[in-house]
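Below: one structure in structure tokens.
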């Protein structure tokens, strides 16, 4: 698992764009893999759950699920077990993404389940307070802060990193918003982040590989 | 698509049991395929979404999703598009299962999306009133009524079939509860149902193939 | 109850604006009552649930709840029973408003509960298909269609009224969107609607009473 | 506000029982008030939101809401603003009750809103981890731990109190489960709790006042 959470880490969240679904997901996965090979950056992809299986067979970089449900095995039609995404090839999981906010009690259940399976959780938060709360749970390996990296308020990113490390220094903090250029990525790293979460900026780029290369060029 | 919704139809909902996840899902899928071949019954399997891709490669019987989200392509982390499950190999989708109840407006969105993709929807309902409401929407091919087949109140099943056919005679009605033996299945068919939805009774059976064979033995 | 659903009916949904909360809710309720008295229009107000009790004591026009939960009496902290809003003075209830969409199964439960209590339900829908579905349930007295009244597509409003009346001629249809002037209201009535659902246009008006009077001036 | 959160504090959650709705809510509120007067215990009642207004007029003990929504003033039909329950007479609010679990981001929003209004929040949690997470947010005055007081595992209650006080010593911890006798209540206080959350055991008691008196008799 140490290898999976090696920093700097760049997680490409495929979300649910047509440009990142099925065959298009494969193209994006291959571009991500090439960037990982060419730059040494730890590239991770997070596709929709039906695409996890074949993408994890096609590329060597880690594949994460975008979400798993806080349910135990049983009668939960339409839910997805952590065991299922793991067997399909996922090595980690986003938790509580801003587009899939979860109840506090369910976040607690899922980060424990992910840890039990020796997988990596990326717990997403939206401000300093929820980042601190997230740090007190079964330690997620990564916290994906939704605080935008901006020149205007760098202290908020630093403050978030500080409070998280104060509670648990082993947690790596990712910047999950406002990253669109190599300068943004460098700024995030300079403020204490150890990686970033990306999505539409890369997915919708004319040349996603070039966009990714540009992004990691300054670190 | 006509072949996919051929009746009598038996849909095995894999839900989220360990016995129906990953490699175990494959065993269950193969047992279902053998029963289809031996009996001519239209067997359909509905696994968790990460298992759709490889199961649809391994067996020839139709694979349905257990649920898709009422979202368009875009930023919806953790959701699953109908386009994604289709490209993964699904030919249909359960909608509004009792363990995944949906908002009326979302049911409307999803049955339209499934129809646009020439896939089969199985719209699950819980009583006569919601079955009638379901029949007025973009016609789902199949309505999976949650009304139990019991000797005590056969008229409720008949009444449901009647009201659905009155609104739209092309919709086939499945019985989605209380089916555990060949007699139950025969009773459902005698009351006007054209198939059944099964789950734990088969999944947890010592010999799922035998259990399925027993179930379809009387029709 | 006949008096409560007398048409033309104008329902003012207070939503959760500061301008329609607490003491401000009282001002708005009194303005609505004056308009009812001056024009003979059946004015109904739908405040937040903590305001139902005192508003129903202060004004004689009917007070509706904005929502009740599909739960039976029991352990459901934070929910509100239909029995509770009735005892507080509510004579009806909005159901499935676009800002509070409900599961199909829950809509079915709530319209039945409202009917059992001899109260009036206003079931809100978002298009022709969901309006038809709504009409097949325990008949709500009123369906609040979210289809905007526009000069461009009057046939959609008419089509909605037609399909609802075809399924159940006793249901009155209200227009729930796009009503901001007396002309809009008249257009809605000419297309077969028997009333309207209003909100921010009146709540945020400089003079809500004047705005209401203007609105009903053409019918 | 100091008076409102005076300990020992006993909060009676009315939930949504018929026995605690409307006129019955008034009886229960008056019984609670008598117990407060006779014993000096800080009794608080938490009725359904339509009952807040008249109960807060009828009794002098504090009235709390069972839940408020994490929304700002605006178009949120069916939601309830903190401003609305405050104007109706509530002096505090339960947050994230086990029957009304909230998203982490929403809990953060609501505890901040409650604090801004100088009201008391009772943030409910379900284990040590979520209690710790709750303590890092805008400090709620009270944390209602759902950990049952049992003779078998007293250390879990103590551990919860300890970790909460380690993070923020000003937070009072309430026991929210397993309290049915005076002995249970005494045990909870001995383990570091400063009060309890009660519900059906009192609401459904033949004589709620007697049941309450018995409960506080040992402290």
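For reference, chains read A, B, C and D in written order, and residue numbers begin at 1 within each chain.
Just so we're on the same page, a contact is a pair of C-beta atoms (placed from the backbone, for glycine too) under 8 Å apart; a residue touches a chain by one contact, two chains touch by 3 or more.
This one's a predicted model, so the numbers in the text were calculated from it and none came from an experiment.
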Rotation, 0 to 180 degrees and nearest 5, that superposes chain B on copy chain C via CA atoms: 180
Interface residue overlap between copies chain A and chain D, same or different (over half shared): same
Furthest chain, CA centroid comparison against chain C: A
Computed distance of Cα centres, chain D from chain A, in Å: 37
Interchain centroid distance [CA atoms averaged], chain B/chain D, Å: 44
Chain centre separation in whole Å, for chain B relative to chain A (CA means): 34
Multi-chain contact residues (two or more partners), chain D: none
Category of the chain touch graph - line, ring, star, complete, other: ring
Pairs of chains in contact (touch as defined earlier), listed by label: A-B, A-D, B-C, C-D
Chain C to chain B touching residues, read off their complex: 96, 101-108, 125-127, 129-130, 132-138, 167
Residues of chain D touching chain C in the complex: 13, 15-18, 21-23, 48-54, 65-67, 69, 71, 73-81, 83-85, 87-88, 90, 94, 97-100, 199-200
